[in-house]
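I'd like to ask some things about the structure below.
Just so it is clear, A, B, C and D label the chains in written order, and each chain counts residues from 1 on its own.
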Amino acid sequence: MTVKIGVIGCGAIGLEHIKRITNTLSGGKIVAVNDINENNAKKIIADLHLDAKFYADGHELIRSADVDAVLVTCWGPAHKEFVLEAVKQKKYVFCEKPLATTADDCLEIVEEEMKQKKHLVQVGFMRRFDEGYVALKKTIDEGQIGAPLILHAAHRNPAVDEKYTTDMAINDTMIHEIDVLHWLLDDEYISAQVIYPRKTGNASSHLADPQIVLVETKKGIRIDVEIFVNCKYGYDIKCEVVGEDGIAYLPEPATVQTRQKAALNRPILMDWKQRFIKAYDYEIQAFINNINKGQKLNGPTSWDGYAAALTADVCVQAQQNPGKILPIKMKDRPDFYK
Amino acid sequence: MTVKIGVIGCGAIGLEHIKRITNTLSGGKIVAVNDINENNAKKIIADLHLDAKFYADGHELIRSADVDAVLVTCWGPAHKEFVLEAVKQKKYVFCEKPLATTADDCLEIVEEEMKQKKHLVQVGFMRRFDEGYVALKKTIDEGQIGAPLILHAAHRNPAVDEKYTTDMAINDTMIHEIDVLHWLLDDEYISAQVIYPRKTGNASSHLADPQIVLVETKKGIRIDVEIFVNCKYGYDIKCEVVGEDGIAYLPEPATVQTRQKAALNRPILMDWKQRFIKAYDYEIQAFINNINKGQKLNGPTSWDGYAAALTADVCVQAQQNPGKILPIKMKDRPDFYK
Amino acid sequence: MTVKIGVIGCGAIGLEHIKRITNTLSGGKIVAVNDINENNAKKIIADLHLDAKFYADGHELIRSADVDAVLVTCWGPAHKEFVLEAVKQKKYVFCEKPLATTADDCLEIVEEEMKQKKHLVQVGFMRRFDEGYVALKKTIDEGQIGAPLILHAAHRNPAVDEKYTTDMAINDTMIHEIDVLHWLLDDEYISAQVIYPRKTGNASSHLADPQIVLVETKKGIRIDVEIFVNCKYGYDIKCEVVGEDGIAYLPEPATVQTRQKAALNRPILMDWKQRFIKAYDYEIQAFINNINKGQKLNGPTSWDGYAAALTADVCVQAQQNPGKILPIKMKDRPDFYK
Amino acid sequence: MTVKIGVIGCGAIGLEHIKRITNTLSGGKIVAVNDINENNAKKIIADLHLDAKFYADGHELIRSADVDAVLVTCWGPAHKEFVLEAVKQKKYVFCEKPLATTADDCLEIVEEEMKQKKHLVQVGFMRRFDEGYVALKKTIDEGQIGAPLILHAAHRNPAVDEKYTTDMAINDTMIHEIDVLHWLLDDEYISAQVIYPRKTGNASSHLADPQIVLVETKKGIRIDVEIFVNCKYGYDIKCEVVGEDGIAYLPEPATVQTRQKAALNRPILMDWKQRFIKAYDYEIQAFINNINKGQKLNGPTSWDGYAAALTADVCVQAQQNPGKILPIKMKDRPDFYK
């Protein structure tokens, strides 16, 4: 069987998903495309030789009998309405982060999905499909390091542009750690604190960089995340889990080690796009495979979308109250999402 | 477009290729299947819900108008006849190693292919598609370590069974280094010598293990390959290239490092099947993509199949004359294969 | 010239220093020994064939014309009186940590030393003489990583006994980080916060383990120190300095890497005594050499002893007020100690 | 007790040993100095404030009642006569490599020493005192990797000057591997073969660089040593021992790892003098301590000096017969040296 997929929004990430479904992945086919820019959409259909129809109206695309599943890859503020429509139509929907722009809007989707009694939504937090995180989770779940107690993380970017603001360190950067770490630890967040180290001379005047976010979980695990978006040296993601019996590390990407110029060295990526490139393939392939096999979706759920939105909100408040420990008051996780 | 593929031989590797083309890769479809065991072939068609026809005769399968490309994955001695038939029919053919059981038979295929004036044959040396070797080749080709002078390699297996004989160290094990290293160095072999170190107590009585094979190239690069198939500790492939300006190493697989029990450690694979598992996907995907796009095949050619067969023959002779340096007298590479 | 040394207190560390001065180091000689246990002291003199006199009174030992320099290695509460006496007698004195049991007592020593207008006191924080920290400091001071912004540290012990209490995590364990990190960064501490992660099941009931101490410096550098004294896996000291242009790490001890039993691994020490064993030699050798050459002592000063005591006091208060950020109000560093 | 030491030859290495005995090590004292350049010797005595007498005649120095032990650090061709004299006088003698310029001359010393029935000679192969090799030997001797089967080694220098000739790759460079590897493996050499890889463009016209020397031991262990003295990137010593159950590696020096400029890197030494600097201290300290304690010397013996000389001779012949496997016909090791 082939999953017939409609795409809402053909910008950067939308176009990439169209390409990977068409050229790389197995079991899915783009049959419908919507974009606010009709010419752009039609050009993509032509350029990629898609056997797909253009829809001027995203809702119409969702409701079309030709469409089995929907990709919501338009701009963030429009995510909610299309995801909600898809859920109401009992259609599978893959939505790029964020699920919605507020925690309340995410909750509305959660409730609609529960009403449908079926897991229909997958949110595009791709790190859960990264082989490194998967292997790290396996190591923890096998009990190799005992119960996790502390997690040290870092999210480093070589540089950001002038438009990058302090809150984006939470909403655009750390949002990936917010999602992946509670999945990794099988836990939930209960408080957050932000502290500001000495500022790098390489950040724009309005930006606090680096930042450290301290997060506490229900089980008492303490997480510290260093966010450093002008670190200059490379795009680098670190995750070290300290357990009762040992420590486990997120693998570094496999690269060619050399000995040259008085140094033993391994290259570090400068371009973040390369770091999790396969995880994008894997998350979409999993979405397609699960639909094809009638299995429950195994990626981030709409509840995870809500949890991420709420946690990010508190972290942004914590940024505005440096040193203060703020509670994260999440609703109880419904049985449906356990 | 979808490449319609016929498979000759559905044993272990044949079945795996059928599965990956059907479930994982993009752009190809299994339409025809041949196997000496009809029941087995039909069971596979049924189990995997293939939309494919069974052919009792491999030659008929090759000649069928339904078939664009052929996978030859039957037992080695039958490779030659099916590859030759495919080439004569001007059909693309992917043949598992060996291309043929003798260097002369390989040459016959080479000549037939040249007569057809089209690159039709890809041999299943998957390591050229391994990301690690590709990255290593890139490092060399970029000139980071200057001109290569020496190459140290090792091919280690935890254990082999009683049936594994001394010559298999060349024909089944080192055959992969034979192919991948001359590609890596863009060079050709001119001599070989075998020396036998002290034997491990873990090998069967009839087996010389470990062995060291010393190979010389046209450019004068000296290669030493340690073959150790009862090394106990893991499946481990090493490649270190010593150049005029520095040294480059084949990356180790990315794994979860831990600190536990008084040691900093990283797991080493025990199962060789895991080591190059993605390279199998990539070699077949490249085969399909190149056909689909009308591009020249970019994997090992029938000439490479000949070069590997001839080199392996001399290495086996060198096994029988320990310490002697034997010449490898390869024909001149035709322009067609440059 | 040979420095004639008197030792006050021949317990564990005192005896070790006597042995290293006698058997390993150059330029010093034990000439006088004091201990509350006369028999013990005399036995040591006999066993090691020391050409040394026993003094029943430490003050008398200090005042003896035979003694050029004093080692104060008796129990902590008695440090102050002997160090003070030595300073008053204008004799060089090496004092094991702590310099005194309170910050105020340390200040009294500081003032007496300033009165003498000569640097006479070296405190036994040996890590400043560890080759790893010295190399790390050099890397920072050379500007390789730009201005330091964040420092991540960990101090891990495989296990502690029942007598180890929560405050000892500061006074006995982290005290080494307290001294070495401000030297490393050439900076001073201004605040501390303690947070308690989920407790390990391997700690005794009365002990909070692990702990995280967050320290802020005058320059704004943020330090996080994980203290985990029942980590099981090994004795492990980590220090990672995040700078504007890059990151530098404290070297791991050089050990024999092996491949065995499906793992690439390197041993981690279980015994803390091995970790900085050479640093003890180097600190005492430097003390002797500087005296011999009439150079200024280059180890931790009495001011550093004061700074460590005050910082430790605030960290212990911070332990009692989890989550609260407490100020560290240090006096201004006198020019004499700059 | 203090060992009273006389030094014959105060050139580079002689002067360094004088300094370390005087300023760094414990238990020894320079009391006598001989050098062909009287002014040089007297200047050293004055500059270092040595309480030592100048001897115009090395033999007189050896026979002096003031001298307990002799350091022979003059030029190679004169080693034999002074070592022989010292042995005849039953004085301990530490001789820099080579023990003598021919294997036969070494044998003469061996025989004289056996006649004296006392181990009096230590040869200056310092690597046996390097902590890395010691740890590697311990790993092997503990049986962690089972019986050794293969040893891969490399000896790389960034560059050598015009005066460095092809045979020096054996006599000056690989001579260290020749001594340390048979000690490491507790074995003896029985054959050698030299092969010449493609030559680096960075070597002078008369020099073959790199070279590979293949050595076989009595137990059947196969050793390959890459000698590359214009490798450009650094001074680098590799030793990998392949055993029945696993592999062990000589540790790399502990250095500060950094992340900077798109790379994770660790510095490699450019200056060979730094690589084994502590081993020089340790070999001399062991020499002094063993004399002081009346223990048998535990460094390389005169027999080891003979074995190194003979092996080097065969390797030089093997250089002149590339590809040929030449036997190393060593005399049977007398019980005295077992």
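Here, contacts are C-beta pairs under 8 Å (C-beta built on N, C-alpha and C of every residue); 3 or more make two chains touch, one makes a residue touch a chain.
This is a predicted model, so every value here is computed, not measured.
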* Asked: Based on CA centres, what chain would you say lies at the far end from subunit B?
  -> C
* Structure fact -> Of A-C and A-B, the pair joined by more C-beta contact pairs is A-C
* Asked: Quick one: subunit A and subunit D, Cα centre-to-centre, how many Å?
  -> 59
* Asked: Between subunit A and subunit B, what is the gap in Å from one C-alpha centre to the other?
  -> 38
* Asked: Taking each chain's centre as its mean C-alpha position, how far apart are subunit A and subunit C in Å?
  -> 45
* Would you pick out the residues of subunit B that each touch at least 2 other chains? => 232-233, 245-247, 252, 259-261
* **Residues of subunit A that touch subunit C when the two form their complex** => 146-150, 152, 193, 195-202, 210, 212, 214, 216, 219-222, 224, 226, 228, 231-233, 242, 244-247, 323, 325
* **Interface residues, subunit C side, partner subunit D - complex** => 22-27, 131-132, 135-136, 138-139, 144-145, 245-261
* Structure fact -> The answer for subunit D against subunit A in the complex is residues 232-234, 236, 252, 259-270
